[in-house]
Amino acid sequence: MDSKIITIKEAITDLLHDGEVLYLGGFLQHEPYAAVHEIIRQKKKGLTVSKCAGMIALDQLIGAGCVDKVISTYIWNPLPKPAHALRRCIEKGIPHKIEMEEYSILSLTLAYFAGALDLPFVAAKTLLGSDFPQHSSFLGENKMKIIESPFNGEKVCLIPPLKHDLGIIHVQRADSFGNAQTWGIMGDSKYGINSCSKVIICAEEIVSTEVIKRDPNRTIIPGFKVNAVVKEPWGGHPSYISGYYDIDWRHFSFYDKATQTLDGFENYLREWVYGVKDRNEYINKIGKDKLDELRPKSWNSNPVDYGYCSKFQGDYLL
Amino acid sequence: MDSKIITIKEAITDLLHDGEVLYLGGFLQHEPYAAVHEIIRQKKKGLTVSKCAGMIALDQLIGAGCVDKVISTYIWNPLPKPAHALRRCIEKGIPHKIEMEEYSILSLTLAYFAGALDLPFVAAKTLLGSDFPQHSSFLGENKMKIIESPFNGEKVCLIPPLKHDLGIIHVQRADSFGNAQTWGIMGDSKYGINSCSKVIICAEEIVSTEVIKRDPNRTIIPGFKVNAVVKEPWGGHPSYISGYYDIDWRHFSFYDKATQTLDGFENYLREWVYGVKDRNEYINKIGKDKLDELRPKSWNSNPVDYGYCSKFQGDYLL
Amino acid sequence: MKYCEDYTPIEMMIISGSREIEDGQVLIVGTQWPIIATLFAKKTHAPNAMICYEGGVVLDSIPDRIPLFTGDPCITSNSVLLNDSLDTLGMILHGGHPDLAFLPAANVDKYGNINTTCFGDYSKPKYRLGGSGGACDFGSLAKRVITMLEHERQRFPERVDFITTPGYLNGGNSRQEAGLRCDTGPHAVITTLGVFRFDNNTREMYLDTYYPKGSIKEIKEGFQWDIKISDNVKVADPPTQEEIRVLREEIDPFGMYLKNNKAKAIPCL
Amino acid sequence: MKYCEDYTPIEMMIISGSREIEDGQVLIVGTQWPIIATLFAKKTHAPNAMICYEGGVVLDSIPDRIPLFTGDPCITSNSVLLNDSLDTLGMILHGGHPDLAFLPAANVDKYGNINTTCFGDYSKPKYRLGGSGGACDFGSLAKRVITMLEHERQRFPERVDFITTPGYLNGGNSRQEAGLRCDTGPHAVITTLGVFRFDNNTREMYLDTYYPKGSIKEIKEGFQWDIKISDNVKVADPPTQEEIRVLREEIDPFGMYLKNNKAKAIPCL
């Protein structure tokens, strides 16, 4: 098989087009910040971005003007610090108005689940009585529907699938064919990334397929669904990757203060996004000392054994 | 917390009552043979047994007369060798007639998934056009329903949840509180075991909670849902447990030949079930040499790191 | 047992929240005040409580630093189960397993409906909050929902602008009529001034217990409607000196939650 | 390239099945003959084919012993993904990813409907098979379904007793009318005598290709209805000597599938 390893610049150029529906993986952990910054540098426009919950990746895309529509449950820096670009956008239409579809985490994860399996819909007992079902925008009638169950007449909320043109996630490790492995808190990521027609895997490490095959239960998406693999160490900064680096809280605090004004937001992009050509320049700018502070103490799993007998015993069936 | 470790004899006595709905975990791997044999020894009656796919565990329960109703997709020894007790039961009513609800693996796994989450139903595009939907027995109208989607009018199959009074699964390892971990091929087991009101975990090994916490992504059910933990090495024999023992094909071949007649089946139970008081006697009867032949060569995963910084960095948020 | 004198309203709210928990219970826990209240309970009277977070976490012990939110990496090594949101919000919460749910809120109304979405009209809000994560799921699905928030008048409108998390909706049977399960719903609202519960018939919120440092008058002024007072209104015990020591020294030694409380408050107009 | 003379009908069926596969395709594979046909393709002309099994397996290479069924533990160390049935039957098959599905069958009818459930009336069967696992899902959801079975007259009734796996149902548009997706359905039936395909309009099965050792007469006798023959009926190339060597020596050296074929047959009345 041919390696799918390319740079994030190539991956975004080749696989993301203006107006497409983009899924961003990561539930705090696994957010693809390196990819988000490249999308901003390439000035992609008119995107619909679907992101269950996370930190400031979506705020940056909105503020940079890449986004026309949003599907989400949570855009904070994190709670209770507001995502300022989101607020400017919704309250004042800066840089332009966007439409938003809000869900709860369970309903959005079920919509991704239905998308990954291409199920017509899933019925749940959440969202009933809340104001979410009647406030839909671009999804209209197809956001969700409350009906009486054909089994027992009780009210249920039907959640149809959400599918995406492109999905991007930043994982712990992948092989060059795109078999991607993760551990830690997963949120919506497995279902979301499997609901995408095209997939970019960004990874802290590229490993041999043997490493993958020594622990195949950790694979969240098989390589045959993946279009590009990008090696991008520290690509999840300022959020975290279990075992690789912790959250850079100071950076979130800095982002909060820096982006309260429109000028401040634009300065932030100029400095941290437009001002660096790739993630390598970005991490040099963060600086070795700061990175060292974020390195985790180790908490290793014990190896487990997937072994079997190689000796053929099926002769007893002959 | 108090340890939940008891013997399988105590667990079956305390937690399984005549007439209850029993889920058996394991999709070839993870089948709880030691527990099944104890159920037969305790002569439980009138059970409804739900088992997605596996080897001969269900055949033995049916032949032993413990079962009145079955929910399943697959009862072979394995394909294409018939499960003889099942055939005698359905074709000739021996030892007594049973009712059966058949599914496909995807639809049954979705029914377990809906059961685990207590979703009202899930819609899928399978089973349509097949003869499964119109052939229901004890589940009647509540087995599944074909309707037109309220979103686009296409025909969809609604699959309501299956829930169970008691679930039993044989896993690689658990701690004494019931946090249970598995690896290898999982089939329906995670959803099935999470759809049960009471749970018995049988395990090859009892490990400390620290071992669990060093690899929490492998946990398939949290201990607070578990009622009893049983240490039962070789409890999955004659099927397999990845990393512990391979399939004993000779035993399946022997079972095939031995149980073709009713007498032969009863002899098998007398020898291998009634004739031993517990799994320890059973494995002594199998014999050390045979067990040694089934031991796997090792295929170990590499440890992964779940680490984080223990240093508090949140002062930057203050 | 010596009672403490020198405690803050936030500390009293945290300890009050923790008192709702019995040992061995399964908790589904939101971010902000619920994090510290539930960890405090686990450290003191409920060591066997199991704490579940929406991202796919089941925690059986206290992390060695205080989590800043429910997705903090410091919880990964204290978890007995880590996986995804269908594990916790699905197989645990929708599956009906938690004994209690704990939520923060921007504001709460007379029937326990919670808003953490926006102030003003949804389509043209005066202030837009960043969304509510799994809060709607907690309030829709959990058997007993406990909300924790600062006692400020703008946080208690008669009717919230947007129902993010359904409480008893319009009171009476309206929650069940909307299709929510009858064994679910608000159980208590815990503020910096007292503990509020819900009438079994009208489903209206009432004052059940107030704290020794406060007064009913002050409590009433913190509502935009005429809050009912229980005929058997109780006064809570103050925290003990030991409770305050554990909270300050063992749970939050850096004052992440206890210092500079304003910075931890969810915005509310 | 030397053709082989000394091959069995089962070997020809296996190699014929493998010829349907192009390199790099994603396959969802049932038990029995499909296992060996797909591994043979992977060993020869389709090394980059990905093989998915219903229990939650994605295999990218050939195990060091031949799997006896799709849940055989020997596949665990050759898999790039192991998890559960919602991964393979759900996110891969229902998600629409496989290029081809391979199934075994007890018998198959004129419109490609498969029975692996029972013979006679379902409620009082003459012979009860043990159930069909994921076969209905394969046939309902896969884009191109290939069925492999021995060419014996009892295996080709005009109408199966029970539709375990929907083919084209009653022909014409009846498959879509039942709600199945229009880009799915039977693609070929591969037997020990030939390769059968389906008319694009009537959806009736016809002989497309037969094997050098057989005859159309023999093929016709193996059907309980009057099987149509393509106007352009083709004769397949026999296996090469190298293909037979690989099959016998590298794929199934112990003859698990190739010896004692009767013992591998799914019962059929």
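A, B, C and D label the chains in the order they appear, each numbered from 1.
The criterion applied here is as follows: a residue touches a chain if its C-beta (ideal position, glycine included) is under 8 Å from a C-beta of that chain, and two chains touch if they have at least 3 such contacts.
Please read all numbers here as calculations on a predicted model, not as lab measurements.
Q: Name the chain pair with more contacting C-beta pairs, choosing from A-D and A-C.
A: A-C
Q: Select the chain at the greatest separation from chain A, using centres from the mean of Cα atoms.
A: Chain D.
Q: For chain A and chain B, what's the span in angstrom between their mean Cα positions?
A: 34
Q: Measuring centre to centre with CA averages, how many angstrom lie between chain A and chain D?
A: Averaging C-alpha atoms per chain gives centres 39 Å apart.
Q: Can you give the whole-Å distance between the Cα centres of chain A and chain C?
A: The answer is 28 Å.
Q: Using mean CA coordinates as chain centres, what's the chain C-chain D distance in Å?
A: The answer is 57 Å.
Q: Among all residues of chain A, which ones touch two or more of the remaining chains?
A: Within chain A, the residues that touch at least two other chains are 117-119, 124-125, 154, 156, 183-184, 186, 214, 217, 240, 242, 246-247, 249, 296, 299, 306-311, 314, 317.
Q: Two-or-more-chain contact residues of chain D, please, as numbers and ranges.
A: 68, 73, 76-77, 82-83, 86, 90, 94, 263 - these are the residues of chain D that touch more than one other chain.
Q: Show me, using the given definition of touch, all chain pairs that touch one another.
A: A-B, A-C, A-D, B-C, B-D
Q: What residues of chain D sit close enough to touch chain B in their complex?
A: 31-32, 54-57, 68-69, 71-73, 75-77, 82-86, 89-90, 93-94, 104, 117, 122-123, 125-137, 139-141, 162-166, 169, 174-175, 178-181, 263-267
Q: Spell out the residues on chain C that touch chain B in their complex, using ranges where they run on.
A: 26, 48, 50, 58, 60, 64-66, 68, 73-74, 76-83, 86, 90-92, 94-97, 253-256, 259-260, 263
Q: Tell me, which parts of chain A touch chain D in their complex?
A: So the residues of chain A in touch with chain D come to 1, 116-119, 175, 177, 179, 194, 209, 212-214, 216-217, 219, 221-225, 306-312, 314-315, 317-318.
Q: Which of the residues in chain B come into contact with chain D in the complex?
A: The contact residues of chain B facing chain D are 27-29, 52-53, 72-80, 82-83, 86-87, 90-91, 102, 104-107, 109-110, 113, 124-132, 135, 146, 154-157, 183-191, 240, 242, 246-247, 249, 296, 299.
Q: Going by the contact rule set out above, which residues of chain A touch chain B in the complex?
A: It comes out as residues 81, 117-125, 141-142, 145, 147, 149-151, 154, 156, 158, 160, 172, 183-184, 186, 211, 214-215, 217-218, 240, 242-244, 246-250, 252-253, 293-311, 313-314, 316-317.
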